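Have a look at this one before I ask anything.
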């Protein structure tokens, strides 16, 4: 019996806990091959295995039943950037910030907004949730072009490759993206990149009502300004804002921002003040704002209440680091209604919710403040899940919510197939047991 | 007499009465001459007469047919419009060929949610036609888009000239109803994004019919751009054209398409459609830019400048639909047009990293010179997807074999340079035996584990996508025989 | 190496079959594929069946699928590889007629059709009984009874497509002299169906040609051009008709032969091929080629000639229907639209799915009434969706077919020929004349 790869194991402590479960052992493999040997050794021992990257999502997903071995990917940090091909391949442990900085030097980026600060590429992939800038280039799943994964039995397997166009073989990276490491441990991944846009505009429009929000979103849909993000932000207390991000050339974003102000202004002016969409509209450019997109401060005077800046707001895309997070997916045209519905449900149970996310995509996140009871979370989920075509899954729950056995996932179409895949790739169900829907303990629902 | 030449195998014949009950009398084809018509898809060098052909009209019928197959262990092969170029819809002689050609309803165009819901047999272009009144279109545009079906696009994860900017089929599918190889009808995703659980849609798209059949597809629609400009630049060498492509990419411009043709391909296109490309061009580059008008103007100026400094001796731009159509005409006709300069040809499909393009093109030229086999190059330069057309005379003894060798050597070149054996045509039967060039035995075994998780009996489009001993001789790393879970009785079968 | 641009008469059937690369681009434009969604009823499938049966017997199944083809030739337009499907299906139909034993009732129906349609006088005689039948008011009664449908769906179709009859215009003289300076001397075939059912279109054609400066020669002894027979695989019969017509127009000594019926024109352009297929000797094939070279569609000829007569306004909305044998068979799509566009105040739009056949297709609607009817219904729905005042087409068969489908759908619309619209514009007739059925 081989012990290769297990030699560097240390004992786990409270800081290593995954959803409150302290691992028995922790290992930090130095490369993919070592990771393979490590998992082969764990397989021989029948150990359960969980993964940690930056440690920012250890409280995400379901609570694992046991963690015999925690794999720390912190040493799998390498970046292989083919700038000419707009492709990068990175080790799973590479901090997202480091990747971003490296790519920026070549004028490129991985076009997703991380939702947690301090995370790694592996964690980004395993949780699979990204922020609002997804309208032009999609989400992480649309950008991963290849992945190397270590299977539960320690076998290293690759799918995809390092070219942007490739249809050879199954796209298994899609299954691992958002799979919480339950089908294998991600060792590295290759991504398609995009050029960093030379200029950026962010429009901030206050939304007086749900109707106004719906109108503004519909008007944006009909326009051809091609935003990178349309983010709805419904703060506790009911104040709502729409953030529209435009990316492009400096001359381009300027003109598109004017157009967007006009479109939003017309949509928002219907109620409340004045004449909808009256002539002038395209806002007069502020003095001293002569199109130098690099100007440090160029906030414009609000036009129709719409404020234009050339910077993303602080903490753009980041989700709260405390409390419960519910991912709410709805048909895009229902985004405003969904945010309103969440708020109503929150009012009914006496808790202040914040709903943010890509309104254009229908991809929202409802943030519940820390301390909300399991019963409150359960009622919220029930209320959100009762609408046909909506799905609500808990991204992160507090320990008492786990303990109460709240159903984090709701109905998951295709679950039997997902379980069959799990059975095939991890027959012993040793990879993070309990962390993902495929081994939700209480679920007995099956496909017809 | 043809009846006796292609008798229906006993296992299939036993199903026919039940298939008739499911699909109706005119939905089941048993007559040999009718079955033979289905013997190949768009890649005619692979042929097999299907045991029986069924033409279901509803998802319920598809489900019932697949269930019957699962029950009896009879293989089934899904087929869309039959335009595939990897023999992915090659029939199984002892199986059921399931054609979706009668499932052609556009169920809904939903402009508010920017999506359309369609049956699998709907032609790709018909989705855009239905969406046009709302100012929307369906972005993936394989060159056979007026005929190829959305279901086929899902199976192959089809791209097209404009996938450089807009992505592939997988980037536009939001929902799928799927009949699994075990006969379960699943509804995955829908109008809402980010379906919970594993991204089964992502794994299903591009699985070449080996994981089941899509019976209803929800696709995202894209707003028609405010401005589209097409530009044609002519160069005196492929190297110069390649330099222009690199310069455009390096400048941070993201055109919706960058297409390239070499002298031989230009010659063929001129012969076929008199496309009137600049005389003396050894390479033409077609670049399309779209988006907000202001952005397109800025990018256009930049691209024109970059082409000029890379050595373009003539550049034309087209802003209206007619002029654009004239520029595209030569490119779009190129494949069929090659028939006018050569009696026979092989269309190859491989991918290299963009930066390796010049080197690979030089090596292809050398290969061509060494073998005396002419190669015309037409390709999606923006993403490194090559379509070398290997020309030969099928009347000349040995020419076909030499052409096959050149064609195979080109794929080897792609793999050597870190590329792929297929960028958009798929693996099918045609390249199944070439998968080991790109993937290790462990990679292939993992693919196989995944496949068998969904299809334990191996009845869904068998012999496609992965190498099998029957097809390729002994192949290392691919599991043979029944899946352990089936043997142990853990995997359920209907 | 084969060059699809070579004349198809010079290449073997097998060679022509080899041009198909199985790409499937023909599928979406094929009316039967649109209806039934099966490979055997698509051009690609039929070519496969032709190849299958090339060295083998014609199976019952294969013949059925060849018969299902409307011969609309939309596939020829759609084909990127230049496959000569027109030559392929024509050759195949001749073989079917020669080798295949049709069941008796079908043979009888075909016999009756071809004893009637290629014969103007017989067709004209039929109009008496039809007219009496319509006038008596029995028509709607018989329709309601469904009796005709039971006896023969084909006869029922003929009854339905027959337009309401008005008094026949006076017969055309053998020569209609040019108005003003003579710009051309042209011959004018009358067509069998055109002459019997739409004599006013012929009158309008002759008048328009004369007003545009043509001496129009209309030989009195002319017969059928043979296209109807040729498109149905009756090769020898077609060649017989063609030879008589060639001789007739050789005597007429004209520069061009101007045709106002798309089905006739598309056949006449290939007269040499028809004669060669029928085994006529080289001298006849040569005469056929010279004849074919003179054949031109009315719209094509008028655009080529250029206008001299004044166009008066027609303040209507017209939708133009591309007759398959004009658009796909002869590649004439631009010219009729150009002519219509030159009429002041006439608004012209196109049909959705314009490339799909209306189901008339020569005698197809008689032989295959059900699919023909379905295609007619689709075309009628498309026409109605445009909201136009009238539909314009360049083929009598299409006019009959679409008019009856529009009536059936309860959305009647005036249907007219390009020539009649031009005639009305040149003469400044009130628009009511056009809208009257």
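Lettered A, B and C in written order, each chain numbered from 1.
Operating definition for what follows: contacts are C-beta pairs under 8 Å (C-beta built on N, C-alpha and C of every residue); 3 or more make two chains touch, one makes a residue touch a chain.
Treat the numbers as computed from the prediction; the structure is a model and nothing was measured.
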- prompt: Quick one: which pair of chains has the most contacts?
  reply: A-B
- line: Relative to chain A, largest Cα-centroid distance belongs to chain C
Message: Roughly how far is chain A from chain C, centre to centre by C-alpha average, rounded to an integer in Å?
response: 62
- prompt: Using the average of all C-alpha atoms in each chain as its centre, how far is it in Å between chain A and chain B?
  reply: 30
Statement: The distance between the C-alpha centres of chain B and chain C, rounded to whole Å, is 39
Task: In the complex, go through chain B and note every residue touching chain C.
output: 1-2, 29, 31, 33-34, 36-42, 44, 55, 81-83, 99, 101-102, 104, 121, 123, 144, 146-148, 272, 333, 335-337, 339-340, 342-343, 393
Message: So in the complex, the part of chain B that touches chain A is made up of which residues?
response: 110-114, 135, 156-157, 159, 163, 167-168, 170-171, 180, 184-203, 205-207, 223-226, 246, 249-254, 291-292, 294-295, 298-299, 351-355, 380, 383-385, 418-427, 431, 435, 438-440, 442-443, 445-447, 449-454, 465, 483, 485, 490-491
- request: In the complex, go through chain A and note every residue touching chain B.
  value: 82-87, 107, 128, 138-139, 141-142, 151, 155-159, 161-172, 174-175, 177-179, 183, 194-198, 218, 221-226, 248-249, 251-252, 255-256, 259, 327, 329-333, 361-363, 389-391, 393, 409-410, 412-418, 420-421, 423-425, 427, 436-438, 447-448
Task: Could you pull out which chain C residues touch chain B in their complex?
output: 1-5, 19, 21-25, 27-28, 36-40, 44-45, 48-49, 52-53, 56-57, 59, 61-62, 80-82
